[in-house]
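In what comes next, subunit A is part of two complexes: it sits with subunit B in the first one and with subunit C in the second one.
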Partner chain A sequence: MLEFRLAWRNVWRNPRRTSLTVAATVFAVVLVVMSVGMAAGVHEKMIEDAVRYGSGHLSVTGEGYLENRTLEQFVHFDDEIEQQLRDTDGVRGYAPRVQSFALLARGNSTSGVAVFGVDPSLENSVSRFSERVRTGSFITPGGRRQIVLGQRLAAKLSAEVGDSLLLYSVAYSLETAYELFDVAGVMRLPDPNLDANLAVISLADAQDFFVYGDRVSEIAILTDEADSAADVARTLKATLRMEGPFEINTWDQIMPELVQFILLDDAGMYITVFIVVVVVGFGILNTVLMAVLERRKEFGVVLALGLRPAAVFRTVYFESVMLAGVGLVIGLAVGLPMLLYFQAHPIELTGGMTEVMELFGSEPVMTFKLKPLNPIGSTITIFALAIVAAFYPAVKASRGRPVDVLRSL
Partner chain B sequence: MTSLRIAWRNVWRNPRRSAVVVTAVAVGIAGALIAMSFNYGMVVQMIETAIGTELGHIQIHAAGYDANPELRVRMPDGGERPEEVLTRNEGVVAFARRVRGEGLVVSPDASVGVRVVGVEPKSEAAISIVADSMTSGHYLDGNRKRVIIGERLAKRLHVDVGDKIVLSVTDMRGDITGAGLRVGGIFHTPSAALDSGTLFLPLVESQHLLALDDAISEIVVVGSDRARVDDLEGSLASSLSGLEVKSWKQLQPVLDYMVTVFDQMGYIIYGAVFVAMLFGIANVLLMTIYERVREIGILMAIGMPRSRLAISIVLESLIVTLVGLAVGFAVTLAVLAALRDGIDLSSFAAGLESFGVGQRIKPVLRYSDFVVPTVVAFLTAAVASGWPAYRATRFRPAEAVRHV
Partner chain C sequence: MRDARKRRIGRKLWLWAVCAVSVALALPSAADSIDPSDSLDRLEPAPPDVDPRDVAIRAENSLRSDRTYMAAKMTIRSPRLSEPRVVEFRSWDDRPEKRSFIRIDAPAKDRGAAFLKLHPNLWSYVPRVERTLRIPPSMMLQPWMGSDFTNDDLVNESSSIDDYDHRMLGVDPGDGVAVDERAYVIEFIPHEDAPVVWGKIVAWIGVEHGTQLLQKFYDEDGEKMRTIGFAEIREVNGRWVPHHWEVTPHNKEGHSTTIEISEFRFDETFDEKIFTTRNLKQRN
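Right after this comes the complex of A and B.
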């Protein structure tokens, strides 16, 4: 333990140098913790938005629906299925939907739209569409021929609440389908693409319009936790009894491009952080190296007195590791509360940044998220780097031949 | 000059230490530059894809189209007047007339809402990459009933080249009409939006279908250089009064803003690298001062002015940093030359294409990209040596010479 005491004293023999090195480490740790935390927060928000305005954590669909997305792929939705879903552990909410495309016209303006037929009493348990209504109201249970539009779509058609719009499409029976709908509400959706293309009608209307009976395109399911989606999907696959073939996909299977985007974004972030950590690492390496070189005489003396090279190595090695350890502890002490603060107070973006975020389908908010694994992983990485970097000076210190060293000074 | 010589010798008195500093600076600068050149390459590709598929450099519409892109906001004479202006303007490389509408494509298996774009095959090919992006069948030819669609749309509709589809639209009069058409070709571009939701058909057929007579919706103009688009826009706008002349920046301000956001991100990265380098260099310099206490004391005792002393320390830091900067630049150029064909990210294709980026990302370095790191390096050198230089000048010669 002598080496430990020696190392600890050496850390403090030059407080100025030590504090500069510690400051560099603290900076690197805070940067890593905040960058990783921001990426985790932003990505979680993206997933949350995609899940809440898309197909939920998992969706039950007819076989081949993901590839084709036509009316030909369907599942039947009835009380019995509902009962089964209600009885499944981990299912927080479920929403049956009919999804297809149609033309929506008001006077001379026409727009191709994605039509969602939703059950207003079940939809809220999965999606956030109704919270997003800015004028008018969402589809009301039992209401007929109501339609709710995205804000950009409404603007494109110059449609306001109360206006009558003509919905035109091809039904499951392959007959032409058209029907007048009254605009019940206009909603502002975070994804500009969805905002410009989505029209929501009631499930009953959609099933009439598309001559679809009790069929639905998908049953979107929200699970208690995003991470448990795969487990719930497995359970449902095994237990769900349904007429006709069906498949169950989790959100990452439904939206592979989102998963890829997150991977790419993470890769970019890690590269940047890595560069900074390496630069800081070089700084620390240099400091320790210098600290060792200026003590060559001292090491020569203790080696000449019979201290084993291994002991010298340990002293110097412990010194560097302690230096990194102190920096890490302070860095975490500064970075984690900072991250927690921003997790509780997301940064609202303004100006042109808003549009860029929307381009990527996200709301203009920078969210942060502390995932326990992230700081642990970063800490281990930085510590591992320090442990590797500390090798060279320590070897350097223990290798000198006492005679030469003593003579050289 | 003496200060510079002293500084230079001091750099070499401990080559290993200097080498570590040079490496730290070089790694920081090269890493940031390389990362940024790929980031910027991605942004450029997003812009180029948008321009090459739909946007063009400049678009001309009837007044009010940008606010209200409806069929009735049109150029009734087929764009005769602007056409004349465009042929005479030397800045214009190519232009193409288009009709734009919305419709519903119906195949035996599915119906999908699409943007309907009527184009003249020859002139459209001169301004867009679609003609070069055909994966099966062929591009639009003289046949009025042959259309081309993107790969994603074809998959959605379950159709292949030669299959029949029905296109339903609301025409100028507000009537819903339709036409049976055949898929003549299928294209694949880096833009998922184009590939999944756009149908190109011959201009005459679209005018007929939408009851537009001779009218067109827009003229897309391509100039010689994306950077000079503002001048061209100005000159066209002044000679085409009464029409809406807008550059891609005005049509898609977000794309233009991406460049700004990208630059800001770059500043943040450099800021972090700067702070990281600062600690390292300051620490090393501080040490070199303290191991030279006696030497500095003697220099001062024999009459070296404090200012000269400070200058030589600042110069020492400057030399090391600038060598690091030069090495960093050299590494950057070497790495980018090796990677000039770009890196293949085809396993992320779906994620990239939803933002209009292809599978291969090529690094793009601008001359201006060298400015910020240079400034950062100078700043680092100056700031990092400031404190040590100040400390050195505060030594008291009498004590310093006795220091061991």
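Right after this comes the complex of A and C.
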């Protein structure tokens, strides 16, 4: 206990120096907490958006659909399949979709579009398209020949709600498929590519239009947790009784580039954090080393009086850990509320980062997320730092032979 | 003792038999994947005075005059269809003006549909909803009417003369491997700005009548994408013209499309009104 008190007194022996070191530690802790929180938040949001505007956490498709994406690859979707999906644990929502390519024309303007045929009563359990409608409404259950366009696509065709557009393509039966659709709504989608190319019609209309029967291109499935996607995929692969060959892919298999981006982004963040932590580590080392060197006489005396070197070693160590501990406590006290504040109030982005976010179909918003691992990790890092930084000064203090030390003064 | 040995020998023979049969089964399938007609080793050198470009021009002219009318039946075969889909159409091609018109007469569902190309645009008229749609130039290489022919094949947006460089590869002896008559084999390499997707086309053009006999289309990686064979070469107004065209895509198992031309009329005079968007909507 004596060593403890000694260490605490020594920490405040030079209050100005200690305050500066504590300030550096506080800065490092806040930076670590915020960076890790931001990365967690941004990545979670990106995954969430990509999943919600894409194929869900899981996508059940005909074999080879991901590589080819034509009407040739399909699965059948009927009441029986629906019942099986509903009975599977971990399935939060499912949405059957017909996806193909078509031309959409209004007057002399024609645009190639990605047609999504969705069931409006099921789609909301997976995607967020309906929340994105800015004018008009989403397609309504039971409504016929309604079409909802991305905002940029609508602008390209100068189409407005109520306009009648010609959709033109080749049906599964190799007939020419064409039909007039009324614009029910216009939606603003975060992904500019989707916004400029997506046209949503009802599943029933799509199956009529493409002469597709009860076939669908994919069944997008939302699971309870992003992490449980692989488990649910395995269960479904084993239990789903499907006519014809099918495959189930999880979101990270469907979007490997997103997973890679997240890994790369994380790596970049950890390198920055690492550099800051090392700089702060040298700050702590410097402070403790100075405190030791200016007390050589004192250590010489206590060692001469018979204090064991191990006790001196411990005193110096406690000093370093206390120094870091004070910084850590203040750092967390500042950083965590800040993180929680930004978690509740996401920052709207402008400039370069917006493009990256849009590239992955995410809204340009910087979100933060506090995960328990964040403060725990920061604590461990800072204490590890203090322990490493104090090693040399502590050895230096406890190793000195009293005679040499006293003579040198 | 002897029985055991016999059995062993018997088993050995059995193994050999299995091996032989499996090799025999494997061989023809291996031969399938390598098309012997792709090999250019059989070719004889071409006479040095034959200009491949002239041969290409002659082939183009045998199929197209400045103003050509034709009536044709297209048959689409696909594993998706229980029976082939048949489309009947008539076409008017005005080569100097780079415009053409196609009217669909059958099946009943598509009767009255029409296509009009006024360079560089393609217009499509759909009868049931009575709308005209502009098909952007980027869609030229999309399938036409669900067939294995492209829009470009039908409306001749690209020119086999102006959009390609021509290189003589040799003379095919006409031994039946690729074609049944002597033919110049010419490689068509598209110009960089040409509105085509192919990396190259290798064409067999008959020495005697100067008509296209066989065309193989390759993508930019040198992969064979489709083959068009021309048959039933008959004389019409002093020209030799193939009346049966068959396209086989190599990336779509079981798909093929044939066009059989029932009537050709060359060097016609066309009414200006044919090539108008108003004509698209006429029920003629």
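A few remarks follow.
We adopt the following convention: the second predicted complex is superposed on the first by the 394 of 409 C-alpha atoms of A that agree within 3 Å, B and C clash if a C-alpha of one lies under 4 Å from a C-alpha of the other, contacts with A are read in each partner's own complex, and residues count from 1 in each chain.
Please note the rule applied: a residue touches a chain if its C-beta (ideal position, glycine included) is under 8 Å from a C-beta of that chain, and two chains touch if they have at least 3 such contacts.
Computed from a predicted model, the values in this text were never measured in an experiment.
Aligning the two structures on subunit A places subunit B and subunit C in a clash. When both complexes are overlaid on chain A, the residue A:272 reaches subunit B alone and has no touch with subunit C.
Of the two partner chains, subunit B and subunit C are each touched by A:110. Of the two partner chains placed by the overlay, neither subunit B nor subunit C lies in contact with A:87. Look at A:23: by the touch rule set out above, it reaches subunit B but stays clear of subunit C. With both complexes superposed, B is the one of subunit B and subunit C in contact with more subunit A residues. Within the superposed three-chain model, A:172 lies in touch with subunit C and out of touch with subunit B [touch as defined at top]. In the superposed pair of complexes, A:283 makes contact with subunit B only, with no contact to subunit C.
When both complexes are overlaid on chain A, the residue A:79 reaches neither subunit B nor subunit C. Of the two partner chains, neither subunit B nor subunit C is touched by A:227. In this superposition on chain A, the options for subunit B are 133-141, 187-195 or 385-393, and subunit C clashes with just 133-141. Taken together, the two structures place residues 72, 103, 105, 108-110, 112, 166, 168, 170, 178 of subunit A in contact with subunit B in one case and with subunit C in the other.
Interface of subunit C with subunit A (complex): residues 76, 78, 80-81, 85, 109-110, 113, 124, 126, 128-129, 131, 133-136, 138-139, 143, 145-147.
Residues 16-17, 20-21, 23-24, 27-28, 31, 67-72, 100-103, 105, 107-114, 156, 158, 166, 168-170, 178, 193, 197, 256-261, 263-264, 268, 271-272, 274-276, 278-280, 282-287, 289-291, 293-294, 352-353, 355-356, 358-360 of subunit A are the ones touching subunit B in the complex.
On subunit B, the positions that touch subunit A within their shared complex are 14, 16-17, 20-21, 23-24, 27-28, 31-32, 35, 39, 68-72, 101-104, 106, 109-115, 155-156, 158, 168-170, 172, 174, 176, 192-193, 197, 253-254, 257-258, 260-261, 269, 272-273, 275-277, 279-284, 286-287, 291, 345, 347-355.
Residue ranges of subunit A in contact with subunit C, taken from their complex: 72, 103, 105, 108-110, 112, 166, 168, 170-176, 178-180.
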